[in-house]
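Worksheet for the structure shown next.
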Amino acid sequence: MIRHKAKRVEIVIEAIMARRLAAALTEAGVTGFTVLPVEGGSGRSGPWSREGQVTRAGGMNAFVCIVREERLDALLEAAYRVVERHIGVICVTDCEVLRAERF
Amino acid sequence: MIRHKAKRVEIVIEAIMARRLAAALTEAGVTGFTVLPVEGGSGRSGPWSREGQVTRAGGMNAFVCIVREERLDALLEAAYRVVERHIGVICVTDCEVLRAERF
Amino acid sequence: MIRHKAKRVEIVIEAIMARRLAAALTEAGVTGFTVLPVEGGSGRSGPWSREGQVTRAGGMNAFVCIVREERLDALLEAAYRVVERHIGVICVTDCEVLRAERF
Amino acid sequence: MDSVFALAAANLVSPVILSFALGLLAALARSDLSVPEAAAKALSIYLLFAIGFKGGAAVAESGFGGTLALGLLAGVILSFAIPLVAFALLRVVSRLSVVDAAAVAAHYGSISIVTFVAATAALQSQGIAYEGWMVAVAAAMEAPAILSALWLVARKGGAAEQEEGLLREVLLNGSIVLLVGSFLIGVATGAEGLAKIESFIVAPFTGVLCLFLLDMGLIAGRGLREMRRGGPVSPALIGFGLLMPLIGGAAGLASALLIGLSPGGAALMTTLAASASYIAVPAAMRVALPEANPSVYLTLSLGVTFPFNLTVGIPLYIAAAVALAGG
Amino acid sequence: MDSVFALAAANLVSPVILSFALGLLAALARSDLSVPEAAAKALSIYLLFAIGFKGGAAVAESGFGGTLALGLLAGVILSFAIPLVAFALLRVVSRLSVVDAAAVAAHYGSISIVTFVAATAALQSQGIAYEGWMVAVAAAMEAPAILSALWLVARKGGAAEQEEGLLREVLLNGSIVLLVGSFLIGVATGAEGLAKIESFIVAPFTGVLCLFLLDMGLIAGRGLREMRRGGPVSPALIGFGLLMPLIGGAAGLASALLIGLSPGGAALMTTLAASASYIAVPAAMRVALPEANPSVYLTLSLGVTFPFNLTVGIPLYIAAAVALAGG
Amino acid sequence: MDSVFALAAANLVSPVILSFALGLLAALARSDLSVPEAAAKALSIYLLFAIGFKGGAAVAESGFGGTLALGLLAGVILSFAIPLVAFALLRVVSRLSVVDAAAVAAHYGSISIVTFVAATAALQSQGIAYEGWMVAVAAAMEAPAILSALWLVARKGGAAEQEEGLLREVLLNGSIVLLVGSFLIGVATGAEGLAKIESFIVAPFTGVLCLFLLDMGLIAGRGLREMRRGGPVSPALIGFGLLMPLIGGAAGLASALLIGLSPGGAALMTTLAASASYIAVPAAMRVALPEANPSVYLTLSLGVTFPFNLTVGIPLYIAAAVALAGG
């Protein structure tokens, strides 16, 4: 199987901002991403959990976004603008993908 | 803590195909994997979300599968055969594991 | 965007042990982590799925934990003590983060 | 004709229909209103269990009658045959590929259990009786259409995935098993069983249906929003989505008259034939015909035909069935 | 005064309040009792749908009366004005930053629909009637307070995020859409519609409310546990959380008397003005004022003011409204 | 004896049992029917809340009577003692390791609240009264068995994890807290409280139980499927799973007669002693005895003993209790 180098970006972001992040990514030309639910976590703003929540303010999502290396900067800049004033983390990993034509 | 080199494979696949992927992996001798729910995403086939879905056609899953390097090709070939005609992505990352005897 | 080297640790652990892992991590000075729900999986102890479960014994969680390299060992030791006698996997990946002051 | 309009109007201001409309409008206005996936699934489990059980209990009361076998047979034939008509029609009016057209056709041959449920609710509020075993007919009509579609693709040289497990999977899919299973439980436990769980499956039924249709409206509305942004659904296809239920319904009504169903039963048979699947068939298509574009068949069945049946179709089918099969 | 205490005592041993207390105690004792997120959301959808529909059906029965427009106007003015009072008070009694104080103030101007629901349940168990359209007033009071808060921040030179979509998002948030939508469905379908779904939305209502308040108790308890570990909520802030509902309530009651609401309606207007949001406003604050600390406003509104209103507030507001607006 | 069979047969064709059977068969046939995890948890919250509340309200009506303390004591002793018997038996008939045998033993000393609920439903449909506080006994019997199991392992030199938090965690686990809490709410609010939420927790109860048992059947069926593929459960172990409830039940019945429970209460005490946990104990075992193989204890308690009790056991226990404790 031929594998192609790419970058895997993982963004943990408040669920309330997810729609905005998706829009920003799409605008930056990043059309492929996967959104995972997050059950809880901990950070500088303390621990939290999704259990029994009804407020739309709680909860986070994890975006996983695989891109060609040359689009990484555009992606990070778009993501950063959304996350900037908000809590959350952005993390980049080297990876390899099959079916490179999809990215 | 001694760490051992391994490969982390992440496969995003339609939920309806998850049972088939699990079977194919098992057949290829890959018995360890973790299945994460996916809440939504976007790709060439457009954006989607799991909210309120009742059709079993919607929805995706993310398989995370950590294997020794020497089994990677068998894994990818098995996975590829299932994903081939379907939407979804396959991505491989270098990693290190504790408790290597488990893999 | 300036990126800083860091480590991404992923720990798949029984849900019933999640509270203990969180406490152990916090004690080891690791205050940032994200907990993902896990829908099912397979391993040496066979396949399982979260569907319809009511027992609190079933189910697993995936902890994702991004740390500076120098804290990795403390993290792994703390995690290992919790996971030791239990099923589950620990996997470490190199990564890069934005906003390094957060880690 | 007047009374059809009166019926349609009465139907339109029922809480059930208006809940669907609320969901539709909320989604079109991009409200973040949403029903959690687990809650939507729980609602559908409730509806399937209740409708199956009530059907079974009714049969236990009144017996199967002579027409059950005929009803099942008619349902299966309709489910096999309607996709052929739909396919031919689609190839004429649209430019869909063979695979896409076959996938859409499969949906129209199969049935929508929620449309069926809405029709039973409408019958009930008009005090029209129907054969309890019609739910068994509904279950029997889910799968055959899928085989027709795969045959259509194979005949045109297309490569439907040779999935061994698929037929088994379709026949044993959750909805069919639950519907048939609860029907049999109803038959076995009869009026006594019904009495035990009546205040769970009868009294709150219409209210639960409202919430479920709210969710259906939200999903349909999201689909329509995508469509407006320039999806693959052309005006010709929308026309198909409005015409095909009438064609299917006519075939259903003819069969019902032929085998001598009661007016209520005939209305349900018409509704089944007129309705298009959006639960079982899409899943089967994703497995067997992954190249078919889901937004075409989901938009048509859920975004066009389902609302059409819910608002205009059902009162029309009831009126026609009463006029032709009625005393 | 005696009767207030008697009422309060009767209120305290209702299953609804005790369910909240159970959740609170379970969380404080660190039990792992929890309600799944999807179930909690499903319960809140049920409550909003039921309360909206019943309000609408009541209006369909008795007509809007002359005061609806006045009621809406009063609600909107209260929602705009209360944050200004709250902000001023907070700046005096606490050391909260401008942004934090404005965020807290927004919560107190807006409303808690569950508090409203609990008040209607209390009224009903005492046989006191109220204007059905008060749910529309509740919906109208959700958003204006957010604008006041953003204006407060802007005036102090703070940088509320210039979010274009925000106002739209707040006005079309799920709770408002569902509440207003089901209210309109109730108005449209009236007593006939209500009869169809009564055994779903009326009979089991109080029981569902119990489970929902169990969950609210669990969340409030978790919040209080964090607070005990040394969160940012000072005794002065807790004092604010107990005093502010009385100030808001007084303003609400005054408005109600001014526009001539019935005793029940006055009690609800008082409750709305006294209650603090914890669903819509926190979400808006996360978007527009991300620097504001959520544990301050969530702890105050959900951990302090909500239990206060539930236990002491509601019986007090009802007693006051009956005394002043009553026959 | 005849009447036992008649009762068992009547029991077998109840919707409740048949729903379990449907789930079992669906899972064995590898249907994809499934209940979302959140829905299953919501159903169990409902059942615990309802059964606790109704027990409490019954006590508020009729008083605690003299035997509550004795009942609690008997329950606790049974829960401590039964694991010792089960352990000895397992070591004789099977080759399970000390740790595995102790873990299984813990499950049989503890109780299954759903079996208890099914027994109350059966009593009710036969019009047999029982002490309302039996739910408190059920709660008291959940935890002691765990201590016995840990003691057994420690005595054999095994290393049960020295988990400080564990006992606390078990005593405050969600099911116990909810059951005891709602029982106390029921006691506090009495018949008046019950009246308020009756149409939520009484009328639909049996129907909800059906859906819950459908899910239990699905899970049990999945477990049995694994077993057929050659899991660790031998025929001897299956024999244990069928025999042990009779031994435990006999001990329970003897205790009930000794302390003078009513026939209904005796049937419930028998059922509790005969039932095996699959909610609280598995979780405690995963923490304290992680080396024990969960598929052994889950398959036995959920796949063998639970269906046995549901179908054969409960009618037998009721018949025996009525024969021996009855008038």
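Annotations
Labels A, B, C, D, E and F are assigned to the chains in the order they are written; within every chain, residues are numbered from 1.
We adopt the following convention: a residue touches a chain if its C-beta (ideal position, glycine included) is under 8 Å from a C-beta of that chain, and two chains touch if they have at least 3 such contacts.
None of the values given here were measured: they were computed from a predicted structure.
Of all chains in the assembly, none touches chain B and also chain D. Annotation: 45 Å between the Cα-based centres of chain B and chain E. Chain A and chain B have centres, each the mean of its CA atoms, that are 18 Å apart. Each chain gets one centre point, the mean of its Cα atoms, and the points for chain A and chain E are 34 Å apart. In chain B, the positions touching at least two other chains are 36-37, 47, 56, 93-94. Along chain D, residues 32, 34-39, 41-42, 173-174, 199, 203-204 each make contact with two or more other chains. Remark: the chains found to touch one another pair up as A-B, A-C, A-E, B-C, B-D, C-F, D-E, D-F, E-F. Across the complex, chain C meets chain F through its residues 14, 16-17, 20, 45-47, 49-59, 85-87.
Residues 34-37, 39-41, 44, 161, 173-174, 215, 218-219, 222, 226, 231, 278-280, 282-283, 285-287, 290-291, 293-295, 298 of chain D are the ones that touch chain B when the two sit in their complex. Residues 10, 12, 36-44, 47, 60, 62, 73, 76-77, 80, 89-94 of chain B are the ones touching chain A in the complex. Those residues of chain D lying in contact with chain F across their complex are 36-39, 41-42, 45-46, 49, 53, 168-169, 172-174, 177-178, 181-182, 184-185, 188-189, 193, 196-197, 199-201, 203-204. For chain A in complex with chain B, the residues that touch the partner chain are 1, 3, 6, 8, 22, 25-26, 31-37, 61, 64, 66, 93-99, 102-103.
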